[in-house]
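Here it is, the structure, as structure tokens.
Here the chain labels run A, B and C in written order, and each chain numbers its own residues starting at 1.
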């Protein structure tokens, strides 16, 4: 959604945004060595001569990292090149052990893809993907762990990354956010990364420039870094764009700079990088021959691609006859979509499955903080519960109670139902007994209902439901009640 | 191809390479580099039209490895040979946060 | 049995003795260690930077105790390794202050392979700092002296390993080659030195100087010892992606006759100003090759004159990147300065010597923005032409080339003070590194006391041919090689 101030500026200036996304690939070992990639281990415990850059060490590339990178490239519609070349990007930083990063420069793995996003007004736009290349991650620098020193943890150094560079095709913060969400969803569906900005497996650098409406040449762009969330990216872009517009309004010139986002202050600040220091002196990595990929193998990756989000959405609409809104909710993550689909297939009632997943399941996840992957009620169990409801074995109300019980303990729904007396009672004798009790307890309401106030049916039936702990069959009750009073 | 390496160039290169260099030494290095580079000028006259850059590799492509351990064993932890370490972390003089951001 | 140049036991003799039970590894190694102490303490040659005393004795005992080890091809054979090759538990100074205090926590593949073959490491030898030099005068730990003539350099950068073999401490030693750093010292010290085809031997554990040129090479007192050691260390290594998937030949089983073998004599390596003594011995060697049945053919490698400029652009460029890891953060020397950048600069300027500094500067310059195309890219294109020269000659029916190894014999300390003049010592050797072809130097005569080396260059992965020609020539020359 375009904010007020942003909208005012956008009337006079066009915002041009390009995004560079770094994604950690979910491989078991690092890109160039066999160290584990697990998160949260003791500092500098997942290191070896290679990722520590000990003298004499050499890189050897991880085959799965290549496969995941190719899978991501294909999913983004890129052309995967049969030959690509690794290059050294040379610079000094304490969390960059070799003093260079192994990356790709003028012969990247893939080029020329796109991501389709929806604008605020519902129209769609294709954001171009200029390139996707492979590289390795650096370690972590902790500036405030100990006083007066920076502490370095190299567990992350050498983890396989892909860098995805977009064309400068986005024109608002909303489009930038939509692009990021779309990329995240695609990569999740492709199972190549955890893509979590919070955990650091997805990082974003933004490039933004401003130009007067109608101008054809691009304005000077600045780079914005240090955002920790998608909203952070949107906010940072808005702030930096506003800054640039103010400079232009004052007749000034936007300087090429790197800006750092300060989320707590809601400000951008120039990074203190010296001019002329960005000379990476790229040259082809002599320790690695070119990466040669067989065309038929690339095709096989394409053929084995997991279902893309758009395809899943279309299929859900078609197969399960769901409306767009429901489909969007259910396909938000591949895990949720898988869960819903498992329930739907087991119950053959997709609508009920959709309602329960969007309703009770998502609510339970929210309140317990669980993920759908670790949710206590597995799809087959939920399907059993829905079957009980469909056959009238338990009422809808009772089913909700059973659901709560199932969240707490892994029992079958019918066992819970019978133990707690939640099995729907449709037996006329029992229903009749309860009705009698309620009529005796609520004589005025009964009299008024008998006198023709049909809406009191709800009160009377509700009282029986309460008395029966939800197990009374409300439809049969209604019939009996009507018969009793000849209404 | 000939270029005159100036003292300013030497200081810039020294900065890129993180080699501290005194003014006197910088002038000396500029002279040495110029002498050496003069000998390289002849390369500029070699016809390399259509010649690709040398590759040591025969075109078979890179040999990949499976995504599994165990990691290379070292006889000693990372902090056992680090000049400065604490609680398993390596220590360096403190950067003002984001100073020299990734160059 | 092959003849060693100094009359001491060859590796083959040692291994045979240990196998037969007439020698024990412990005694052999013990003598080697004693001789190692002697060359430095008494002869003051400054060969060793560290002795592996305890490790060596333990390993020798292990060899003696195991049937399997005793039958191995190099059982009980003591060897030395240049101090830029990693050995777990030992220093690897690279002849530099910047690795002060660093003890390697892992061993190079070549070390593991030699040990599996029963060989025992006796010590780490001196070298030009980070292998940058042609005389071992650039070591932070003082120069090494030529055992044959102590006022003269042993060559470089693997001068210590060459001296260790020439002085009779060990029959085989490991060095490293980037522009001739095994062959040139072999020539200066009167022994055999071998550079493999690029990718023939694993670089895992070799401290990188110029990654597209570096190879670990072997010194031996005779061709047979060098080829045995070579056969042990050669072969694909999954820890080095640049090693080739090519089977390792049997380098010992070679025919004595050279009938049908065509030896090329490239005219660019026999310039008019070639030292007269070197020229004379080369012609004598060529005559010997003819007498063995070989045809000697005049050939041309037309881009030879560009080799030194190409080498001195490409090697420093790669080195400037490879040496960036020496920053005082994770290991080795750290000198504090003003903040982080001050620490980097103080450490690197305090830890690197002048030649290394010069080459890092040069390498950084030729890779830097605005100069990459004119220097690095151009040099890599000319390199393709140099490699093309060899390919063309070998495709024309020539099986191997014969050249002098160096333009002159060993020179006095301090006599090559101009860096470019020093670089010219590599003029006949660096072409093989640039093209990736294998090459070997063997002694072919003396000028006064000073050895002269002859070089055999073969096509990629044709080391078998190279050893065949070298072995045949060695036999044909006999004792004349040392006169």
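The working rule: a residue touches a chain if its C-beta (ideal position, glycine included) is under 8 Å from a C-beta of that chain, and two chains touch if they have at least 3 such contacts.
This structure is a prediction, so every number in the text was calculated from the model and none was measured.
Undergrad: In terms of CA centroid distance, which chain is the most far removed from chain C?
TA: Farthest chain from chain C, going by C-alpha centroids: A.
Undergrad: Point out which chain occupies the most central position, where each centre is the mean of Cα atoms.
TA: Measuring from the global C-alpha mean, the nearest chain centre belongs to B.
Undergrad: Would you mind telling me which chain pair, A-C or A-B, is linked by more contacting C-beta pairs?
TA: When A-B is set beside A-C, the one with more contacts is A-B.
Undergrad: Distance-wise, how many Å sit between the C-alpha centres of chain B and chain C, to the nearest whole number?
TA: 24
Undergrad: For chain A versus chain C, what separation do you get between their C-alpha means, in angstrom?
TA: Averaging C-alpha atoms per chain gives centres 56 Å apart.
Undergrad: Based only on mean CA positions, could you tell me how far chain A sits from chain B in angstrom?
TA: Chain centres of chain A and chain B, defined by C-alpha means, are spaced 39 Å apart.
Undergrad: Where does chain C touch two or more other chains at once, residue-wise?
TA: If we look for residues of chain C contacting two or more partner chains, we find 102, 105-106, 212, 238-239, 241-242, 320, 324, 327, 329-331, 340, 344, 364, 368.
Undergrad: Could you list which residues of chain B touch at least two other chains?
TA: In chain B, 12, 16, 18, 53, 56-57, 60, 62-63, 65, 72, 74, 78, 84, 90, 92-95, 99-100 touch at least two other chains.
Undergrad: What are the residues of chain A that contact at least two other chains?
TA: Answer for chain A, listing residues that touch two or more other chains: 49, 52, 60-61, 92, 94, 150, 152, 154, 279, 281, 286, 288-289.
Undergrad: Residue numbers of chain B touching chain A in their complex, please.
TA: Touch list, chain B to chain A: 12, 15-16, 18, 53, 55-57, 59-72, 74, 77-79, 84, 86-103.
Undergrad: Where on chain A does chain B make contact in their complex?
TA: For this pair, the touching residues of chain A are 27-29, 33-36, 42-50, 52, 60-66, 83, 91-94, 96, 138, 141-146, 148-154, 225-226, 258, 260, 271-274, 276-281, 284, 286, 288-293.
Undergrad: In the complex formed with chain C, which residues of chain A make contact?
TA: Of all residues in chain A, those touching chain C are 49, 52-61, 88, 90, 92, 94, 97-100, 150, 152, 154, 279, 281, 283, 286-289.
Undergrad: Would you mind writing out the residues of chain B in touch with chain C in their complex?
TA: 1, 3, 5, 9-10, 12-14, 16-21, 29, 32-33, 35-37, 39-40, 42-44, 46, 48, 51-54, 56-58, 60, 62-63, 65, 72-76, 78, 80-84, 90, 92-95, 99-100
Undergrad: If we count contacts the way the header does, which residues on chain C are in touch with chain B in the complex?
TA: On the chain C side, the touching residues are 88-89, 101-103, 105-106, 198-199, 212, 238-239, 241-242, 244-245, 303, 305-306, 308-310, 312-313, 320, 324, 327-334, 336-337, 339-346, 348-349, 352, 357-358, 360-362, 364-365, 368, 371, 374-375, 377-385, 387, 419-420, 434, 436.
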